[in-house]
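Each of the next two complexes has subunit A plus one other chain: subunit B in the first, subunit C in the second.
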Partner chain A sequence: MTRTARWIRNGGISTLVFLIPTLLVFGLFSWWPIARGLVLAFQQTNLVEPAQWVGFGNFRKVLADPLLLTAVRNTAWFALLALVFGYPAPLALAVFVRELRRGRALFSVLAYLPVVLPPVVAILLWRVFYDASDDGLFNTLARGIGLGPFQWLQDAHSAMPSIVLEATWANAGSTMIIYLAALSGVRTDLYEAAEIDGASIWRRVVHVTLPQLRTILMITLLLQIIGTFQVFTEPFLFTGGGPANATTTILMLLYNYAFINGDYGGATALSVLLALFLGLLSLLYFRLTRRWGTT
Partner chain B sequence: MSDRGIISPADRSRPLVRWTLGSGQVVILVLLALAGLGPILWLAKAAISQPGDIASNPLGLWSGQPQWQNIETAWTRLRVGPALINTVWIALGNWAVSVLVATTGGYALAILRPGYAKFVNGALLATLFIPGVISLVPLYLTVIDVPIIGGSLINTYWAIWLPAGASAFNVIITGRFFANLPAELFEAAKIDGVGNFRMFTSLVLPLSGPIIGVVSLLSIIAAWREFLWPKLVLPDRTKQPLSVMLPSIRDNVQVNLFMAGLLISVVLPIVIFLLFQRYFIRGAGLAGGIKG
Partner chain C sequence: MLTTRRTTGVVAALVMLGATACSSESGAEGTKADGTVTIKVGQKPTPDQAAALKTWTDRVAEFEKANPKIKIEGSEYGYDVQTFQADLAAGTLPTVVAIPYTDVQGLIERKQLADITDVVKASPIGSKINPEVLKTVQDSSGKIFGLPVQAYTMSLNYNRALFKQAGLDPDKPPTTWEEVRTDAKAIADKTGKAGYSMMTTNNTGGWILTTMTYTYGGKIENVDGGKASAAFNDAPMKNALTALHEMRWTDNAMGSNFLFNQKQLQQEFAGGKIGMYIGTPGDYRDEVTTMGAKGEDIGVAPLPLNSPDGGTLTGGAVQMFNPKASKEQVEAAVKWAEFFWLEKFTDQDHAVTDAKAANADKVHSVGLPMLWLFDEASQQQYNAWIKPYVNTVQANFTPYTSKASSLKLMIEPPVAGQKVYANLDTVVQTVLTKKDTDIGKLLTDSSKAVDGLLANP
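Right, the complex of A and B next:
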């Protein structure tokens, strides 16, 4: 019997048939675009004439764009604000909810509700809340405690924090659920030992709970940074990048390159640069998840 | 295992701890209800208000006669109804393609394990490492002129359905699930001379309810949330889903009708969430573990 005949007899063909959907979908819409992106970053094309090789020309052009520095700064500012607003709160909430003996499900459902709303709907709704007139919802609330009225999205200083506030509200629930899942794996006998040693409740949180959550805390931190560096929908729909480019993020710049100016080479060069940075972060993330998965 | 947490039963009997826990619980519950439920209730109220009431008294608890006809006007005149149907259609296609790819791919890679499986697995894992942003522009160019098949997918739903199937996360979690099924089942079937196809349809699929549930939920939610991609590949207004159509009409319609449109578009996600809470919450915990 030849090797091919044996391969067919052992179900080689049917195995391949099962792989066809995967190979086709990933081949055409994942592997090919990634490969093409790497090539395109070194080309200039208008889709009509054949593409021209330009070496590192696209990278030089993108790096020389004064808006790039603005976009990087804005994106980093977004990421930092998102950490300050949104990193500690879900953790504190999860630790607290875990201690409840009744009603845990109710707390989880309420916290998760904003995550369920489609992002576009949530953003359009918050745009109404951020109405800058005296009678806007948030301005009415602010007046109640003797503040405002604020220009929320129209002011270059408050636009980004306003966007981050909505993004935090929209995402905090899912992080909290991740922490709750992780907390159910914390070894409870250590609490007993700590209590016998006379550790207060607060010290038990700091010295028993948090160290055991170390890896998952690192993971959510990286996930959040990777996510915030690709932020697009929020600034695009809230402010369109304004006022005066105060909320133009890296991905919005990329969008403008590709779909406003038709500069596909420049856009892919920018995405390669961003992907290199994020790739390093996700490499770190995968090393951590593997460790997390085995312990 | 006992349900003890940080706070022991002995702590709970101390008045200070009891009081702090109790009042903390109430305060947090109120804050969560305000943040989680408040905006949705406000939206529901605004959707059946007069436009003037939303502007002049945003915090008013109730504003006169409920304007039920707003919902109908938004559905027909603002074309929110057709856009909702488009969204459902996109979600169904995403679901079908994702489940097909995840189950067949997971089965081939985790159970049948041909010699080249490790290369395919490696290529799948690589897509998890590589951030999606790198392929946005080339994916768009691919969809404009698809290699091998030829032609453009612009203004067809295939432009959304097919790339949605290319989720390495789905294939990998499905494969892991299959790999954890008892191996004796497959060995016994093989000895009985059951072929690869019958093994898939009569052994693997009936056992894979839970994982198909997770993949279904993830793919349907993703379809509902997507904004940029459908905006790029569906320039035809009559084909656009809610997420693309709503921002485009915002500036030209009365605020109460617009709120009615937003309300229509959140009803299904909220109902699905309340029905399948447990899966959502399990899925979110799972996604934190492996998703990139």
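Right, the complex of A and C next:
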């Protein structure tokens, strides 16, 4: 039997047939645009006349943009804040819900609710909550405990933390569901053993839950870092990048290149740089954490 | 299973899309052997605007009858900054469609608009357009890249109800920035609302700061030969920013929110939370028809002027022509745009039918103050024709209309306007959110940055 015949007999053709739609869809909607974007990064075009090759001109222009440093700094600040405050939140929520004796479903639903809300609606709502006048909702609440009034989005220092707060609220639910699912896979005898040994909740979390969730925690951490480096919707709708560029992120800069200035070469060059950076970061991350991941 | 089915559906749709793309390719130039030119026309009224759609359909029939060699295809396409470029690249943009005036210069710089100089100059209607208004669609060499179909100047829009509550006379809006400050403080003190507010994000901060600077007799750019440089680091813009700083920090008369784009500010204004702001007379339409403001509460005044050299920034609606269209298509499209958008200023029948339909659909405001496209006499004639169908409170526009003819008209910064605006957004936002701002240093830094970007636009 020839190799081809064996391939056909083993179901090669039906494999191919099943593969084609996926290949087509991914090819057309993911890989082709990525390839086109890569090409565009080395071109200057007004989309009317034929594109001109400009070598690394777009990259030089983008790197010389005085706003780039601001955008990188803001994005890193957002990522850091999200890491410190946003990353542990869903884990804490998941452990909390898991530890509940009653009402577990209700709390899961409540925690997941913000995810169901369309981001635009949620942000518009929070814009109202963040009203910086004395009788804004959050300021009224803050006054109740003797704080404020705060400027929230209207001040260069508090704008980014305010955005992180909303983003954490909006996104914690979906990650929490992942943790909850992973937690149900943790061997209960470990908890029982720990309990018999007299371990507190805190010690059980540290010595049983976290080690068991290690792999999933590492994946969500990487996904979160990649996600936060691409933050756009929140600053775009909350502040438009203000006040005074305090919340202008890399993706907002990219948006301005493409849609405000019509400079697709610059926009794609910047996105290639961002993709390269995130790719390298992921590689480095996997290298560093390879040993920890295996149990 | 569902996923597979969906994937198959997507593939089928794509194959069909490919097929349509191929079939439309054959008629890409839009001209048939017998000389019939087909053009695609944007802004066809949607079915919910029944009266306007009927007028549109009648107009198309009338136009095609008068021009048997031109065939009109309607499209509901309206300009969207996020899809415009993609449509341009894909060739799916209509032959002719409206674009906002603020984007015109950027599109000219990138050569994304068809040059219609010869067609407009040869046309009996186009050649009558007021040269001041025409400037908005010209490049530095005077070539024409769009057809202005409506013109206005920036205005001081104010809430007459808040004026009354604050004990001010709504028929006497402020005419200088000192008066704006006094009135803003009165409104803030007596009503607790923002006396004066301002757009600040998405380049609108730069746009409004430019408008303010003009009223103080200032400039944004110096253009000398082919070279442009920043020209705003002097008294007029400094005074404008100082006025803002005082209203914000000394008087606490600007409310507590300072990050607004145009729509967001309009919503606040329509909700009765703002006393005065600089906008356009056309803002009235959204505010009344979709944002819930009462027409009788909105007053429109000319901009406060603080210098004998003080100028008023103009704006307008512009029809653009697809740079990928053939010469015949562009000629046909200009003819259509003049017929559909401009003839009403010289033809009573058109003016009346249009106004009647706009009035019937309830989503239009008829009788908003405009700057004349041709001359003052033709505008007055037009106003008289549409009078029975006016659905706006004309008396509230008197402060504006009584002064409009004496205003010194200014255009936007000619080189890289939007990028300059982006830079000035930061200036305005800093002044409004940072109490101890050093305005002098802020302007020096911004001027340096703008010089940098103008040297390499």
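Note that in this section the second predicted complex is superposed on the first by the 240 of 295 C-alpha atoms of A that agree within 3 Å, B and C clash if a C-alpha of one lies under 4 Å from a C-alpha of the other, contacts with A are read in each partner's own complex, and residues count from 1 in each chain.
In this section, a residue touches a chain if its C-beta (ideal position, glycine included) is under 8 Å from a C-beta of that chain, and two chains touch if they have at least 3 such contacts.
This is a predicted model, so every value here is computed, not measured.
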> Thinking of the overlay built on chain A, is A:Glu99 touched by subunit B (first), by subunit C (second), by both, or by neither?
Replying inline: first
>> For A:Pro66 in the superposed arrangement: first (subunit B), second (subunit C), both or neither?
In response: second
> Regarding the shared-chain residue A:Ile219, is it in contact with subunit B (first), subunit C (second), both, or neither?
Replying inline: first
>> A:Thr22 in the overlay: touching subunit B, subunit C, both, or neither? Say first, second, both or neither.
In response: both
>> In the overlaid three-chain picture, which partner chain does A:Ala156 touch, first (subunit B) or second (subunit C), both, or neither?
In response: second
> Does subunit B (first) or subunit C (second) touch A:Ala244, or do both, or does neither?
Replying inline: second
> Now for A:Ala132: first (subunit B), second (subunit C), both, or neither, which partner does it touch?
Replying inline: second
> Touch check for A:Gln44: first (subunit B), second (subunit C), both, or neither?
Replying inline: neither
> Looking at subunit A, does subunit B or subunit C touch a larger number of its residues?
Replying inline: B
>> On the A-aligned overlay, A:Ile260 touches which partner chain: subunit B = first, subunit C = second, or both, or neither?
In response: second
> Touching subunit B and also subunit C: which subunit A residues?
Replying inline: 21-22, 25, 28, 47, 131, 133, 136, 258-259, 264
>> Residue numbers of subunit C touching subunit A in their complex, please.
In response: 4, 7-8, 10-11, 14, 81-82, 85, 88-89, 106-107, 110-112, 200-203, 255-259, 261, 323-324, 418-419, 422, 425-426, 429-430, 432-434, 449, 452
>> Under the stated contact criterion, what part of subunit B meets subunit A in this complex?
In response: 1-8, 10-11, 17, 21, 24-25, 28-29, 32-33, 35-37, 39-40, 42-43, 46, 54-59, 97, 100-101, 104-105, 107-109, 112, 114, 120, 123-124, 127-144, 146-149, 162-163, 165-166, 168, 171, 195-197, 200, 224-225, 227-228, 232, 242-243, 246-247, 250, 255, 258-259, 262, 265-266, 269-270, 273-274, 277, 280-281, 284-285, 287-292
>> For the complex, give me every residue of subunit A touching subunit B.
In response: 11-12, 14-16, 18-23, 25-26, 28-34, 36-38, 40, 47, 93, 95-96, 98-101, 103, 105-122, 124-129, 131, 133, 135-137, 140-141, 169, 173-175, 177-178, 180-182, 188, 191-192, 195, 201, 204-205, 208-209, 216, 219-220, 223, 226, 230, 232-233, 236-237, 251, 254-255, 258-259, 264, 267-268, 271-272, 274-275, 278-279, 282-283, 285-286, 289, 292-293
> Which residues, counting only subunit A, touch subunit C once they are in their complex?
Replying inline: 21-22, 24-25, 28, 46-49, 66, 131-134, 136, 151, 153-156, 238-245, 256, 258-262, 264
